[in-house]
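The following pair of complexes shares a single chain, subunit A, combined with subunit B in the former and subunit C in the latter.
Here is the complex of A and B:
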């Protein structure tokens, strides 16, 4: 029994069991399963246990793109099973390593199959290839799998319901302990019946039957009823024979703690500066003036989950990595979509993408990281996007649109020809408003009007050119709107960085004192001394290199921290910040 | 105003609260403490229902006991659409009555199992659970064949009926009585559909459906 259950593909549901927005409760020996189909058709087979507090996910909610736990509302994404939202921490991004355990899935012959094995091959059942198949009603039996399979074999002649009184011609072909095939039905010679016995636990099983014919059966309901009643009879007999259930020894199953590909992803996402994913450019298209869109797909088909607001690092040999926000909505799980604006004076990545990169090329990227998390507890959400800043905002708007939360998106562009991702924006309907070709003054008036409608419980997300972001930020503080409602993602730091003035940093945990001379950043000094601090933009925009400050008066210079965070002085961006005091004590 | 002698944790009281909500009928709830004080067996309540059972309603001069009887009364009296209990459709009424009686069997098995596990009643738990599984198997097979004919509900019509209201509560509470619905996949899909009907309410142990 152990061998059967751990090495073969086992059918655990019928395809028709997995209706939209439903969570099917599956069970294999020692493994309770939550099985759900996303709106894109993908079937997820997960451990039936929320990684948070262990509640069954089968009482959770399938919203078409994610499964939400009933208990604390943690959301897990279609395909990857990665946690994408934690309602109790609406302003934070869940750790990338927080992934539900998923099992392999194949949907074939009208059945959904999984395996608990580490390695597995393709699933092919000769008798069912290229046939018309009709999946019978699955029948649960309170008896161990081995007994059910034996009894099915012995009682096979019962399935011959031909009127002839002669001997039944049914031939029983055994194809392994969970699979039995019956051929030679007198009524229709091309017909055969395949049965699979799925173990549920040590004394329960499910008989799953598939009828295959050369031609589509003319009266399927009649056949379904006929075989259902035959199976019921066989079940009743098996169960009455089982008055004292012979308990099989409790099967022990070796189940990998995570799928190999998932464990690789979660580990790698912990490494700073990592470019562990190789993806292929499956689409490169002109999106708007100066903007191309790339669609990136993975050969192993499983891309780490995208949280709204997340970005990836795009890396080419000999060039600095550049960060691009993902435009993906919650239903777009099979590819990454990014928009890239041509920056003639940038680090060269955008130029390379625009001029050299071809459809079909391979590129190295980092797994998604999220420093612009989206709250989903706001009464209303207002998005302001300018130019290429639409990319993270669009991902957020698609998310709120999917879960039917109230939002308005304001998209400022220079001209009609600068509108990127127009089709996505059209799909948001009247929740998206375009502001085309406004002067600076008109833009300011428009933003002022947007902010005037501000009510308690509103959250504001802004992304666009730095002058526009500064404008919105200034206006929110002029209007005395709470700082906690303002969220912005900077692609760049518009301010000139002053690396003047020498000081010392004291690393309290490693008991080191380092000199930071004029012209060198704290980050550089740390790296030269072998202290690993992850970094990315190195201009005070992305927040990757934040370090806790224990004492001292930092001069911030970054655009990542909020005003109040700066005043508190608990964190600095080590790539740009300096010190007013002679020394800064850091929590390193 | 209509009065309902009510206990929050009773599935049979829940079905009345739920149907009143669907119909938009206002009512006054009079709590009767089933556990631990067994107020439903007290002498004051036995004057209202000599059987000592909940729920009971009072509507004007009418006093009515038995959850299924109350549902039939409410549908006939207050459902102007006539869809929950189509009086003029003989086969529908026949089918509905069959499931109202099935709901009583659910009370005798699943609800009894839950009385043992949650209210410490001295009953034969294994017998109640076995009986519950037998009914769920029958329900599951029926619903599976309904699905194959594109029928969403227990009875034949396009609209849900009193059969849904009468049968859902103790099916949905089965796990509190230690009766898993894991193997009844058609039943699980049906409970999702029923819970998505407009006017659905919840009670402890009965969750809302997925979105």
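Here is the complex of A and C:
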């Protein structure tokens, strides 16, 4: 018989094994599996090994949206298995490429199925389609899969418990190395029994049976008991036969020790490269005055995991890419949610989205990038959001709410009709406070009040219109609050950019000297000379075009680097910043 | 290659390894059996510090004598060496200070390799998750950058400026503090931790772990403390240490593979793992093959 088990879908658990917030330990030859169901019903089948220190994920915690490793608390997201948080480094966003190995999953006929094959087709078992099904209790057998399947075939007649004296009429149909089907039960015509033998390792297997009937069985418990006792008898017999075939040789199984996805990881690479995704607009809705919300889904791929504070680039042909923060909380893993404010004088993306884009349209986006990571080691977190700045802040607040950490969200809006994502905010309860229609002066008083309650161990995250962010930043430094507690994400650079003064950049690795004339940015000069530096907003807000400075005195004009990062002078935003020295040596 | 051949292929075979706490051996005669590098060994104690260690199968030499293994008593433990010409055992100067209390805090059997145990001992990141409420507590999870040096001369790893928020760092401490650790790895399977002493700011308490490799994937961890603490009883000090180790054991036994992979691509490390990365490199460059999955030889 051809051993094609690994090319087929194999049932590895019953649906009822995956109770809420539990992690089930599954096994296939050479592959330990951690199987868990998220609160949204999605079933994850992962390699049972944390990529960090190899601890079994089955001893971790399923919090309904993510699986947390028992050893160091690393969090892995539902669906993608991507690491979304490393508690030892709360201020850093984990590398996008840090992903748990996940296996394909199908939940059907009351069983959970996976395959180790690289390519596979849909799972359809004719005998079970459109029937009432009843999953039998799984029975573990200490015998190799092939012996178990053979014995099941040979002993199939025992499942007919009719009292008639005549020979049993059960028809046995082999449907592959792990699957047999029994038909023609005298007691209940129309009933058939499908058995699947799950190989566990070289000498252990699990028999999983599914009973299918035309009508819903009237006494399911009785049926279960009947078939279970027959299965147990068969198990006892197979095992007693096996005792004589003692384990002379135990083949060792090759376990891959390196995940191919991870071998690409370099030491400090945070960018996943420029692979873009095609998604479909599954919903476009009016969210508030001047703001629409988009929900983006992918029909055939899993969407890369979202870390709180992350954004995506939205790209339309002929337009500059625009960045939008994701509003997703940790439980929202099947779609991307963004809020887009109409900017009449912007690059045209928001106008296009508001006026042209339709539900069902395809859109090109970048995978999520996170330049606004959320620490989860604060004793208390305070969020200040203004207008459309609510989007990254909401994602963060949902995250802390999910893991039950203490926070307060202050949301400043012009009027009731400007409140975006009102339902999400309502769900945060008293942790979210709305400040509607305040004047500049009242806003300042309110923020001052918020900052007065500041206690050691508090972290502050701000996102909103530039004047508001500048105000909060100024007030924190006036109150002598440490710079390290202040986190802001700028959508735009409020400062006027001065491209005056010519200088030279020296590219140390490629051994080139380039002139940067008045009126041109370093980035432009680099691009004209074929030096590839990723860029995005091109106004010193997003930090995509940062390059390491080896020597020289940068004049920083961006709003991305913090004061202390500027003082250290190790990085420069090449799209806006310039040089005070005649020469700037860059690590390119 | 079996366990013994692996040990013989590197310096592990001719290193000192701990076998028993001296106080656990009865004087004059009752042999105690254990296993080292896959070999059965037995130990007898004759007086305060006179011990004899032999292979458990009692091979008789042609002259009728039984072959005796090299042994010594140090830091309250019996140490043995299966090979010849071992390097001298590392020094712990604090052990000899007269006002310190030296307490053997117990031996723990764990189904894992020796280097996995050492790496766990050197790790701060797991405190809030594994030793919750004692050595760490959420949300204080950050491991700030610390220094690691490998001094070739004395051939050991030193990690300094290791700061971590601890709710109850030691049995004598009350309330949370930022503890300041120094870690020292003077032997592939032994590590020493120096931590702020709650009774005397100018001194450091010493906690040592000496791992006895029974086999490549099974060990006994011997623990010892040398501390300045006039108040706590020996029992409460032991209990604290045993609580801590009891929390680590199930984690260690769920690590897979049981041997420590030395290829940096096999497991993902972050900045908090700097000392672990240094330890793995050091094992690789010292040619240690016991209890590890070596890198493919790069020439």
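Note that the second predicted complex is superposed on the first by the 552 of 588 C-alpha atoms of A that agree within 3 Å, B and C clash if a C-alpha of one lies under 4 Å from a C-alpha of the other, contacts with A are read in each partner's own complex, and residues count from 1 in each chain.
The rule is simple: a residue touches a chain if its C-beta (ideal position, glycine included) is under 8 Å from a C-beta of that chain, and two chains touch if they have at least 3 such contacts.
Note that the structure is a prediction, hence the values are computed from the model and not measured.
Novice: Which partner chains sit in contact with A:224 here, subunit B, subunit C, both or neither? Use first/second/both/neither.
Specialist: first
Novice: Which partner does A:342 contact after superposing on A: first (subunit B), second (subunit C), both, neither?
Specialist: neither
Novice: Let me test your reading of the model: by the given contact rule, A:25 touches which partner, first (subunit B), second (subunit C), both or neither?
Specialist: After superposition on chain A, A:25 lies in contact with subunit B alone.
Novice: Who does A:70 touch here: subunit B (first), subunit C (second), both, or neither?
Specialist: both
Novice: Touching A:379 in the superposition: subunit B (first), subunit C (second), both, neither?
Specialist: second
Novice: Looking at A:59 after the superposition, I want to know if it touches subunit B, subunit C, both of them or none. Which is it: first, second, both, neither?
Specialist: both
Novice: Touch check for A:98: first (subunit B), second (subunit C), both, or neither?
Specialist: In the superposition, A:98 touches subunit C alone.
Novice: Taking the superposition as given, does A:481 touch the first partner, subunit B, the second, subunit C, both, or neither?
Specialist: Neither: A:481 stays clear of subunit B and subunit C.
Novice: Which parts of subunit A are in contact with subunit B and also with subunit C?
Specialist: Shared contact residues on subunit A (touching subunit B in one complex, subunit C in the other): 32, 59, 70.
Novice: In the complex formed with subunit C, which residues of subunit A make contact?
Specialist: So the residues of subunit A in touch with subunit C come to 32, 48-49, 51-56, 59, 70-73, 86-91, 98, 255, 257-258, 262-263, 265, 376-379, 405.
Novice: Quick check: in the complex, which residue numbers of subunit B touch subunit A?
Specialist: It comes out as residues 137, 141, 144-145, 147-149, 181-183, 185, 188-189, 192, 207, 209-211.
Novice: Within the complex, which stretch of subunit C touches subunit A?
Specialist: Against subunit A, subunit C makes touches at 119, 124-126, 128-130, 138-143, 250-251, 254-257, 261, 263, 265-272, 293.
Novice: Under the definition above, what is the set of subunit A residues touching subunit B in their complex?
Specialist: Result: residues 13, 16-17, 19, 21-25, 27, 32, 59-64, 70, 137-138, 140, 200, 204, 206, 221, 224-225, 228, 232 of subunit A touch subunit B.
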